[in-house]
Structure formats: structure tokens, C-alpha cells
Amino acid sequence: MLRRIDASVINDENEKLKSHLDADYAALADKLARDNIDIETITAKAGEFQVAVPSWGTGTGGTRFARFPGTGEPRNIWEKLEDCAVINEMSGCTDSVSPHFPWDVVSDFSELKEKADAYGLKWVSVNSNTFQDQKGQEYSYKYGSLSNTKKESRDLAIQHNLDVIEYGKQLGAKSLTVWVGDGSNHPGQSHFQRAFERYLASMEEVYKGLPDDWEMHIEHKMFEPAFYSTIIQDWGSNLLAAMHLGPKCKSLVDLGHHAPNTNIEMIVSRLIQFKKLGGFHFNDSKYGDDDLDSGSLHPYQQFLIFNELVDAEYRGQEGFGPAYMLDQSHNVTDPAESLINSAIEVQRSYVKALLVNREALYGYQEDNDALMASLELKNVFNLDISPILAMARYRKGAPINPLGVYRAAGYREGMAKQRPQDPNATGSGIV
Amino acid sequence: MLRRIDASVINDENEKLKSHLDADYAALADKLARDNIDIETITAKAGEFQVAVPSWGTGTGGTRFARFPGTGEPRNIWEKLEDCAVINEMSGCTDSVSPHFPWDVVSDFSELKEKADAYGLKWVSVNSNTFQDQKGQEYSYKYGSLSNTKKESRDLAIQHNLDVIEYGKQLGAKSLTVWVGDGSNHPGQSHFQRAFERYLASMEEVYKGLPDDWEMHIEHKMFEPAFYSTIIQDWGSNLLAAMHLGPKCKSLVDLGHHAPNTNIEMIVSRLIQFKKLGGFHFNDSKYGDDDLDSGSLHPYQQFLIFNELVDAEYRGQEGFGPAYMLDQSHNVTDPAESLINSAIEVQRSYVKALLVNREALYGYQEDNDALMASLELKNVFNLDISPILAMARYRKGAPINPLGVYRAAGYREGMAKQRPQDPNATGSGIV
Amino acid sequence: MLRRIDASVINDENEKLKSHLDADYAALADKLARDNIDIETITAKAGEFQVAVPSWGTGTGGTRFARFPGTGEPRNIWEKLEDCAVINEMSGCTDSVSPHFPWDVVSDFSELKEKADAYGLKWVSVNSNTFQDQKGQEYSYKYGSLSNTKKESRDLAIQHNLDVIEYGKQLGAKSLTVWVGDGSNHPGQSHFQRAFERYLASMEEVYKGLPDDWEMHIEHKMFEPAFYSTIIQDWGSNLLAAMHLGPKCKSLVDLGHHAPNTNIEMIVSRLIQFKKLGGFHFNDSKYGDDDLDSGSLHPYQQFLIFNELVDAEYRGQEGFGPAYMLDQSHNVTDPAESLINSAIEVQRSYVKALLVNREALYGYQEDNDALMASLELKNVFNLDISPILAMARYRKGAPINPLGVYRAAGYREGMAKQRPQDPNATGSGIV
Amino acid sequence: MLRRIDASVINDENEKLKSHLDADYAALADKLARDNIDIETITAKAGEFQVAVPSWGTGTGGTRFARFPGTGEPRNIWEKLEDCAVINEMSGCTDSVSPHFPWDVVSDFSELKEKADAYGLKWVSVNSNTFQDQKGQEYSYKYGSLSNTKKESRDLAIQHNLDVIEYGKQLGAKSLTVWVGDGSNHPGQSHFQRAFERYLASMEEVYKGLPDDWEMHIEHKMFEPAFYSTIIQDWGSNLLAAMHLGPKCKSLVDLGHHAPNTNIEMIVSRLIQFKKLGGFHFNDSKYGDDDLDSGSLHPYQQFLIFNELVDAEYRGQEGFGPAYMLDQSHNVTDPAESLINSAIEVQRSYVKALLVNREALYGYQEDNDALMASLELKNVFNLDISPILAMARYRKGAPINPLGVYRAAGYREGMAKQRPQDPNATGSGIV
């Protein structure tokens, strides 16, 4: 398999850390064994866990005020793919990439697929972009895309989504994620019902183009870029659309797209119950759609979400099988470092959720023993399961200390030389 | 018709104000005529508008910290009914009362109905109470009612709702409003899906007991009394439950039960579109379920909600016909004064919404003329339509200046003498 | 005086509307006279009211996702000034412009001042920009400006602010507004106390450069572009900094920069009381720093803020005299139209606040007559004072119907021809 | 020392768990030693950590809707003290009690102090109550206490606070905590500035009565029981009041009293920097002042707050020494169980914060290495330091497994027999 960072760098570093890992792993194994948990079963499951990386996440993000570029940023999908390969080599749990079109359009998708194959990477959910106008675009999305009052703009957006499905087919993807920026900034600007009717009619056209073995995932977002209303503002509208469109359409939950104080894990449970949970965009946020690193602010919330997911798996909930993806904006860090670390933090939540004694929990719930029920979750959360994650990586040839190896390898410095940036680019944003 | 405040008091006050009202009304008529609006049509519609009063709203409210009683408060449903009569005499737009059980249970409902009839008051949506334990109650609602893990508590809650339907039949009501305090305070305390399944199963039993010409309205609430999760936390869960239960079940929107920043008027539109808008609990709030006086903080939001309602009416939206009710907690005012004033503020929003030139608005929306669309609403909102409201009252014998007449009549002072309060009651709340 | 839209266009339109205005004005005068309010006094005050326009507000705004340019946008400060002139001609209440540097740097400020003088426009508070890197900038603001850990970046930011003061002197401005994007995206990234100490030390240097008759206004902002912490996150930190720096430093309140549910009018009162209210950035928001049109969503909140301002004036509060400015982002409207309309909406709030009977209000407050106190404000808010605003404009030669005249004049269409836009610009934002 | 739960029960349970604790402790010691951390130093500090228990927290809480009492609840301060003793025996880190007056007034405070001494408990910050009217109270607090427009109500509130200081002197307390429910429910009801002036004048009188070696702590709260404005709504007003009153007056931070999304740890830093951090009321919340168990929802936020506290200690910040107290409302759990567990969760945050390598963190901050800085905190948070907490308890004779011992001892069941509750009490709340 093609590699971006030499295995020897990893191995050298791993050798230095292995004895400590063994000690920590053995201690944890003993501890878990007291609760009749076999650490090897958990480590095996940790090793199987994967979360996808978005191609666009490998570049430095920005805000409407400014973008401060990093060094050695990828300039196209080929270089983004290179970075995704590194992220997977380091994290050991990101074996797939989610592309965004038209940003990632290439003339020969088979070449792109081959390149990914060589790195051991798969292509997953394809994303359409109707929240920007492309150069020379005949009809604008300024006032909406799939829900625009003008048929021409709607048709353009529908066709783009159908095109994206075609790109995805060539890459071997099996799902389309649809997020639109449609909405309004003024009361009265948009007729809520008519706009939603137009949206649904357009989505019906896209749905028709969906292969039988594909899914379509709708993403809701409370605000931004529209600031008074958005067409799919919350899981309620999302669910209505997904039910209207049919069984291949499901809802996608982005952790940063909710109203303040929202109990997201409960929404996840409802979507599971009604067979409409399509997938996740993992990130963290404090104020809005901040797109911060997953679990960097609310690790317990992330764990509680995985508690719902693992519980559904445990109960054999019908129709359950969401897609996991990171979706972050990295404004002040090396995007590769953030993605490596975030993937592992998501994996950490998953592994902790596996350790919950579900039968004991059900018993506490049945007995309304609120404190013990809460401690069944909290005690697991308080465990340090890092040795399991490290061992899972070690066993597949990934680093015990991923960021240490990444930095030791000097990857970004190398890219800074190989990928000269546009000298005319400024850090000015949109104001 | 039986009256609580003598008509002569009203007439005397009205005479003093009539010439000014005539002048203001004429000026407004001229102004509206320029836009081809016939003021008489609007005034007639204003006169037909009604919003129900909740029986419990006539007493002074409180918080978990304290309740500071007012003077002359009603001590039972008979006295609450008296106050509702006064409120209707003054406002001219609150001809119905919504009772709450078991608080308002009486031994002879026909007597209660007769009394209301005498006042010209109707009984509308009946409310059940399974968020408190009643003295001697065999099974507690501490850990839930309709969704309790224990069948005994669920059965009690189901039976109570069925009883409430029976009370309602005797009073001539046609709908049951169900709000429960069920939820959890700790992650893990409640299994979200199982709790919701139990809730739905219980509600199915209640639904079976619903007469064919009744509706059942489900009320969602983001938090309080449960502080981590509530069983029907938002319109998403509300809608799922209403769809599950059947066509007689609809969602009720309480303006104070949403997450911060939520676009409530959009939720109203969605519920209208999907034929699930059952009714409203009007109030206002700044921080949570504050139950402040309707429109006292966000009058434009209240107008925007009525803009959706009047638009649905204008378009002849199928299945549209929500019930309107005030639901406020009056901690620092005379409840009757707040209810009189709030009813008129709700009526004000309705009347303004009638003045919107909908065809012009549709044109701006179609053309994406955001500014003119927003001004079509804002310009109407900026109008002073008080003369229409006052004239509508005057024509039905209600006061031009309701609060002036109410105070001049010395109603509360009279009640303070007639209704001695429990001398042992303290202002202590629950801490 | 130099004009952008011919006076004859205004006069022609005004003639058509004058008789209706006279009728409405007379009716309102009668109504107010009943409460012993002389409409002429109010109209005179309305005519004196001014709110500044930000130079950058004349261009179409955008988000991190995209910017959809409008037609005929100004391409430099000269053209922005032209648009500001039009806005003032139409609104009759925006006689000053607030520039932003380095965006608005010109080689000869005296020429710029002359041009503004010719239009009858003044230059007010100058704004510095250390939230973006300029092309060729030696030290970056990526990790902060005035609070950067690196002295070189701090020095650059200090010098830039000193430069901006110099530009302002040449334009006749008397205040500097400082907003910085400094903050952090990760817990731990920034040492809160040390960063604030560096910020204060840098601001001391800027303060030293402030002429004696100038003020410095600090702007707080809860989030964006930093998403975990910002250096001046709220009025608490703002006040601490303003008190630390000295009497010439005051706090500026932007309506969109607060936590959800915040009672902004109360913050205004506190700043007035402690002599630290420097000024306002007016706009409206529903979710965050949305920068929507002033009063477009929460007109009553805007009125309540002016209620505090007029009350301070009425009481002769020492040290009171805040600067008023619009600060909006116009993503879907013609910026000139939004600014014209918003200026008038701000003026509307001011005029309504003048109508409050303050002595009556104080009496209700003293007596804890909560309902009558609230109605003293609400009844005034419910008045339609549009005739006062229109008459004030008419008397100074501005349009009775500003947007009607603006459109009739075909200003934007003319600019679309005169100001060809960069054909290579795309609508792509920063992602 | 007088005990509530026999030491033998603890010892028996500890013996069963000791060998596992030893193994876990040794493994953790090894792990920490790699980073040059001596576990014994940390364990000693953990053993010294104390957080106070509020007397009122030992009873079951409620909401305005209902209170569902638990069994065996304490009926007076003597029984509350008994429960506080148990909580301290189990947690090993709650050696002090904070009383609330007039609830906890007794005829002989020396007897109360002796009883506490016997249990090894100290009395800390005394709390006044002017948010409720007491039976027979001559002037009401319905419209405010220290800020009431009526001098009689203000004087009553001032005198009560002075009385509370006297009670505190007899108990050996050294601080007074002042929280008032003053505020308003309607715009206009209260004149913000005048109300604040009255509040400050009243507080000056209380301050005069404060002994020289005491502190006064002001508590802010965004809302409830007042729902439009509160007199000390946030840390800004809190700080202004504390600075106005003098050096003995400081601000108290309750974790549940902030606007949504507020960065509380940053407020803590600011208060430390300006020498005004008086203390904490620990609890957790999702929606408002939910008073949930400390760290039960946002354990990372609690850790980040302690990161600020330990950092201030590390830097030897002048004037630093806040008081720590739990302040929770236990509606669905045994209050003793919640308080035991919460005290340990607070201790957990403190101990984790001790493990941060501050010099390394400062280095990352200086270098703007955002990711490594964030990981310096997150990696420590991800550690399981339960063995340190358990060993610290074990060494002082407290249980390795506190809740296990508490339940095994059958304490609550015993109290249910000894403390018969009022049979006439109902679960009805205030509506």
C-alpha cells in the first residue's frame, strides 16, 4: 500500500512507547475484567471503528472576517487526498474520504479512485454545493437553490445534484448529502410554506436520480448563511422532508447546527426510533455552527450521543446504520493534526459507550434509580481508555502517539516546500 | 345576561371617550381607504375574534422560590369563573374558559355549565394534570406519568385523562390538551426510546376514549419541571406523536416552550402545512417558560405568527382551524388586568395581520424583493390600529378603555372583601 | 450643496403625497394634544436626530460560505461616499460617515474631506482593522493583534491604531472605535489573564496617542471570528478595560454581540449610570452577530433601548452623550435601501421614546403598578408616528417616501453602468 | 468524633476493595511518574480539598409545578446537620455547612455549633433570604427587598442581613452570601438605574455591619424569580456592586446563573485578575438555573474552571482564595447521595487540574501551538484519577466506594422511620 509517512518512522517511535503501553493496557485489562469485560473484544471493536474525513477539511478554514492560510495547504483534490492518507496512517481509523463538488471535480474520476485505492482509502458520501455561485453560472443561488422562486435556478440545483450522484457512482460512493444555504434574512422575504413545497418538489427530482442502493442524507442547520430562517432549520423539518421523500432518504445530524441548549442525544434517539438516522457530521461548538474540533468542548455530550448509537446496536434496532464523518473548520491549527486528533476523540466516545453495562443500566432505569443510572454512564466516561485506542492503532501499524509521529516526520514542513501557495492571495475575508 | 360589572359604569366611561374614538377611527379609515381597505370589514372581523382564558390564570402565579398572593384571589372554579366573566366583559374577546382538572372538578358539572352560560361563557379545551401528585394518590408521578416505567402510574394517568374527557363532555368542550411533566434530570435516568414508546402506548389509550368530534392537542416543552430531557421536548417529537396517534391528534404551540432563538412562526407554518396545528398557548418569555403577558416583550414575533395564521386562512389551507388560548403566569399584576390586556394584544396582532396586502407580498416574494416584502409586513405592524379594537369593543358594549373601567369599578377591592384568604397561608415557595 | 439625486425628483414625489401627510399629521397632532404633547416639538427633535452610516455598509456583505455581489456596488471610499450622500438625501437623518482603515485609506485625506463637505457629510468615529492580514504584512494577526503573544504583532497593531487616529484627525473625526478579533478556538490555547494583560498594555499605548478631545470606544463581541473565547467577550470585560484605560475610554454596544436572551437595555442603563456608554452599533439579530437591518426583528427591544437613552437625557444624566451608528451586513438587499430604511427605524424608536410620559412612568414605578408602567411604554410603542418622521423629512427637503423616490430615481441602475465590477470576481466565500 | 454511620461498616467494605485500589493506584502512580508527577503529592492535596454543603440541599427540591418529597427527609436544621455529617463521612471532603436564614434560625446557636463541632463540621458562609415573605412579615418583598421602592421593605431586608451576620458570628462563619430575587417582569416596571442605586445604598448598610475579618459575596442570576430583569443579572453588575462596596465585598459565581453559551471559565479568570472572586456555587445546568448535580452534564467545563483556579494558585495570584460550595436542587434522587457524589466530582476536577503541566502549557500558549495547548488540558482530563480520590478517602477513614457504603448502611431507610413526615403535605407546587 502506498504510504505518505514511512512505516519506519512509526515503528521507531512505537518501539520507544511499547513497554509503557503494555503496562497500561494490562492494568486496564485487569480493571475491566473485574466487571467481566474482556479488553480484547473491546480493542478489536475499536480497531474496526472508522470515521470519514471531508476532503475540504484538509484546508485551513476561515470566517467572513478573514482567512489566515496555513503552510503547505493542499491546492486541489489530489493533494487533499494525500493529506487524507496521512491522517489515516496516523489515526488508524479514517479509511474514507467524502468529496465536495464542484470543488473536487476532476476530468478522470477513475484516476482519482485508483489513487485513493492505492492509499487504501474509500470514497463515501458525496456532497453537492448550491450555496455558492460558480464563475459563469447562468442563474444565481443568491435567493436560494432548490427552493428558489425561479425555476431556472431550481433546475440548475437539481441538475447539479444529479451530476454529483454521477461523480459519486464513478468513485464508488453510496450516498448523497444535501445541505443547502436557502433561507431568508427578513420576515416576509420568503413564504415559508411555498418555499418548502418548492424544496420538496426539487428534492423529489433528485431522489428519482438516486440509485437503488444509495441513500440521500438531508442536513439541517439553524442559521447561517441565512439569518432569519433556513429551509431545513431543525430535525423537525428534516424529518418531514425525509418522510416525504421516501425510505432512501434520511436525516443527518451535524452537532453544531442546533439551537442553544438542545438535547442532541435525544434527537438522535428519536431518529433511530423512527428509522431516519442517516449519519453524522462530527464537530463541536460553543456559540453556533463553530465547527470546532470534535469533542474539544463537550466530550461528555459526544459520549452520550455514542451511548445512544451503541445502545441501538445492542438492541438490534431495525434499520440502524448511520454514516460517521468529521466536519470541522480548522482556523488556527494544522488541519491534519486536528483531524487525526478528532477522529481519535470520536473513536474514544464509541469505545467508552461499548463499556456501559446495558443490562445494569436498564435495571436502574426500570427502578427509577436516577443516581445509579447516571453513574453507570459517568463511571465509564471517567475511565481512561487511551490504552485500548493506542493498542488498536499499534496492532494495525499506526502510531501509539500519532501527533508525535506526525510532527517527527516533518510532513507539513515538507508540503510547505512542495506546494507553493498563490503569492497574491491575501488573508482578507468577506466583510 | 348575567354581568359582574354594571353596564352603566362602562357606558358612562365610554361616553367620555366616544368623540375622540370617532375622530381616530375616521382618520384611520381614511388612511386605510387609500390602500383600498374597508375599515368596517376589519372591525367586524376584530369583533368576531376570540381567545380563551385558562381558569388557572385568574390566580396569582409563583415560582419555586415563592408565591406572593394578590388580594381577592378566586378560591375555586366558581370564583375563577366570575373573574373570567369580568375579563370577557372588559376585553370583549374572551368568551370561553379552559378548565384544569382535578383543580376544577365539581360535584355537579351541569351547575357549572349553567353558571357559565349565564355569563355568556363557553367551556373549551379541558386540561389534565399528571405533573403533580394529589393527596392520597396511590401511585406517584414523581418519575413520570404517561411514560412512567411502572404500569400502575401509567394506568392512573391514562384513567385521569379519560376522566377529564368525561368532565369536558359535560361542559360541552371539544378538545383535550395534554401536557405532561415527564422527563429526566440525569443522563441515563430515562431510556429515551422506551420512555417514548410507553408514552405513545398510553396516549393510544387516551385517544381511544376521545369522542369522534373531539381533538386531542399535545403540548411540547423544552424543559421544566424536568431539566435534562422532556418526553415531548419540541415540535419534532410533538409531530411524531401526533402523526402516530391519528388525525384527531394535533400539536399545540406554547410560545414560551422553545429553545433560545427558535423561529416559532416557521414552526407554525410547518404545522399548518402538514395539517397538525391544533392550537396555541399565548404568552411571552425572555429566558425560558417565563409565562409573561402575551406580546409584552416580543410584539413583532406575535404579529409574525398571526401573519402565518391569517395567510393560511387567506389561502384556504385545508384542515386549518387552531384554538387560541392565553396561558400566562401573573406574579406581580392583578391577573384579571393582565388577561384583559393580553387578550387585546393578541387581538391586535390578528387585526394587523388582516391588513397585510397578501397579493403584493406574494409578488415581492416571487421577485425576491426582500426589502419591500419585509416592509409589507413592517409597515402594517407600524400602524396604530387601536381605534379598530376600541370600536369593536364599543359596538358590543365593552369599554373603549377596559383597564380604566375595570379599575373605576373597584372590582378587585370588592373581591378582597368577599373572598377572605387563608390566614395561615405564607408566601413561601418550594426550595 | 452637491446632490446625488435631483431635488426635483423628490419634490415631484412629495407633491403627490403631501395632502395625505397633512391629514395624517393633523390627526396625530390632535391625538397627542390630548396628552398635552405638542407635535411640533417632537417633529423638531425628530429633524435633529442623526445616526451615522459605516462606509463599509454600502457594499454587499457575505458569509464564510459565499458573497453574492449586488449590482453597481461602490469600489472604493469615493464611491462609498457617493452612496452615503444618497442615503442621507433620502433618509434625512444620516449626515455622517464612519470610515474603516486601511480599507478607506487615500493618498490625500483633505480631498476626501472636501468631497464629504460638498455633500454635507461629516466624518465620525474612525475604525481600525487588525482582524485581517494585509498583503505583505510582516507579522500576522492570525493569533491575535493587540493581545498577541508576540511583541512584533502587538506593535504592528498599536501602530496601526495610532495611524488611524492620524487619518481621523485629518478628516475631523473625534473618536476611535476599537474592535479586535482576538480570542481562541480551543480551551488552553490562550491564557485568559495574560492575554487580557497584553491587550490592556497595548491599549494603553493607543490611549496615549488619543487627542485630548477624542474618545476611544471599545466594542465587545461574544464570538466570531474566535469561537471559544474572545478577548472582550461582553460588557463586563469591556467595562473593566474602559475603566482601566481612563475617562476618554468608553464602551460601545453593538446590538448583535450578546449572549442569547441578554437584556441589552439593562446593560445600556448600567453603562449610562457608570458614565461609560460611548455609543452604539445598531443592527438586529436572531441567532448571533447576524448584522440584520436595525429593528427588522425586534423593534420593541430597540424602542426599549431608546427609552433608556431618552430617560438619561430627560434626567440630565452626567457624562451622557453616546454616538449612534448603523452597523449592518446587507446580503440580500440593496445596501443603500437597507441603510435608508434602518436609519428611519432607529429614528422611529427615538421619537417614540420621546413620547413617554416620564413623570407618569416614575409614579407607576414608585407604586409598583407593573401593568400601568408597562402600558406607559407599550401604548406609546403602539402609536403610529410615521407622520412625524415624514414631516421632519419633508421640511428638510427629503422624501416623504424615501424608498419610492430612491427607486424612481433609478440610482442603482445608474451606478451599475458607471461602476463596472471585476469580471473575474466569483461569489465564492471562504470555506 | 460523633458519627452517623458506624466506622465498621466502612472498614468492612473498604477491606473488600483495598487490593484492587492498591493495584489501580500503583498503575496510576507509574503512569504519572513518567511525567515526573509524584502521586503522593497529589493524593495529599486531594485529601485536603473541601467543598461546603448547603443546609437546604439536604431536602428534596421542587419546581413551581410540584415537589415530590423523598422519604426520611430532614425536618429542621438539626436533622439537616445530621445528613451533612453523613455526607462528610462518606465523601471525606465536605467538612463544612452553609446555613440559610430564617430557615435555620434556632433559639440557641451555641448548641447548634456544639453539635456541628461534635461531628467535625464547621459553619461557613451564612445566607440571607429576602426572596420570600415570612408569616406575619409587616412589609412584603413582592416588589423587591434591598431595592424595593419602599423604604420600609428595604429596611426590613437590611436588618435581616444584619441579623444573619449576627447568627453567623455565633456559628463561627466568616462570610455572608447575598442573593436577592429583586427584579421585574415587565419592561417599565422597574427603573433600572434607580433600582440599582437603591440596592447599592441598602448594601452599603449591610457592608457597614460586616466584621473586619468577614467577606460579603454577591451572587448574580440571569433570571428567575424575575423574568424580564434582575437587579444583579450578570458578572458585570456583580462586579460594579462589589467594586462600589469595598474590598471586603466580592463576587460569587453560581454555574447555573449565566446566559446560554457563556464562557464561565473566562469570567472566573477576569474575577481572579481583578481580585473579586469570592466563591462558587457548584451545580450543573442545561437550560437555566437547573441546579443539577455538579459535573453531571458538563464535566469538562467544571475541569476548565478548576484549571483557572489551580493556575491562579500556581502563579501565586494576589488576593486569591475563593470559597467552594455545592448548591443543587435534588428533585429525583436522595439528596445525600447526590451531594456525596457531587462533592467527589468537584474534587475530581480539582485533582485533574493539579496534573496539568503548567510550564509546558505556557510554552504552547506562547508559541500559539493551539492543538498541543488544548491537548495539555484534554489529556489530563482523559486520565482516570479515581484511584487518587479513593486513596485519599481511604486514608482518612472514608469509604473507597461511598455510595455503596451509604446504601449498605441503610441510612435513608433508618431516617424514614425516625423522621415521620407531615401526613397533610401534598406534592402540589405553585402554579
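Side notes on the structure shown:
Every chain is named by a letter (A, B, C and D) in the order it is written, and numbering of its residues begins at 1.
Following the convention adopted for this analysis, a contact is a pair of C-beta atoms (placed from the backbone, for glycine too) under 8 Å apart; a residue touches a chain by one contact, two chains touch by 3 or more.
Since we're looking at a predicted model, the values are computed, not measured.
Graph distance from chain A to chain D, where chains that touch are one step apart, equals 1. Set side by side, the interfaces C-D and B-C show unequal numbers of C-beta pairs in contact, with more at C-D. Comparing the CA-atom centres of all chains against that of chain A, the greatest distance is found for B. Chain B and chain C have Cα centroids separated by 39 Å.
Taking each chain's centre as the average of its CA atoms, chain C and chain D sit 43 Å apart.
In chain C, the residues that touch at least two other chains are 142-143, 184-187, 189, 222-223, 228, 260-261, 263, 286-287, 293, 296-297, 300, 332-333, 368, 370-371, 374-375, 378.
Those residues of chain A whose C-beta lies close enough to touch chain D in the complex are 20, 23-24, 27, 30-31, 34, 260-261, 263, 286-287, 293, 296-300, 332-334, 337-338, 341, 348, 368, 370-372, 374-375, 378, 381-384, 386, 403. Chain C contributes residues 142-143, 149, 184-194, 196-197, 222-223, 228-229, 233-237, 239-240, 258-263, 265-267, 269-270, 272-274, 300, 304, 307-308, 311, 361-362, 364-368, 370-371, 373-378 to its touches with chain D in the complex. In the complex of the two chains, the chain D residues touching chain B come out as 56, 61-68, 131-135, 140-143, 181, 184-187, 189, 222-225, 227-228, 260, 285-288, 290-293, 296-297, 329, 331-333, 424, 426-431.
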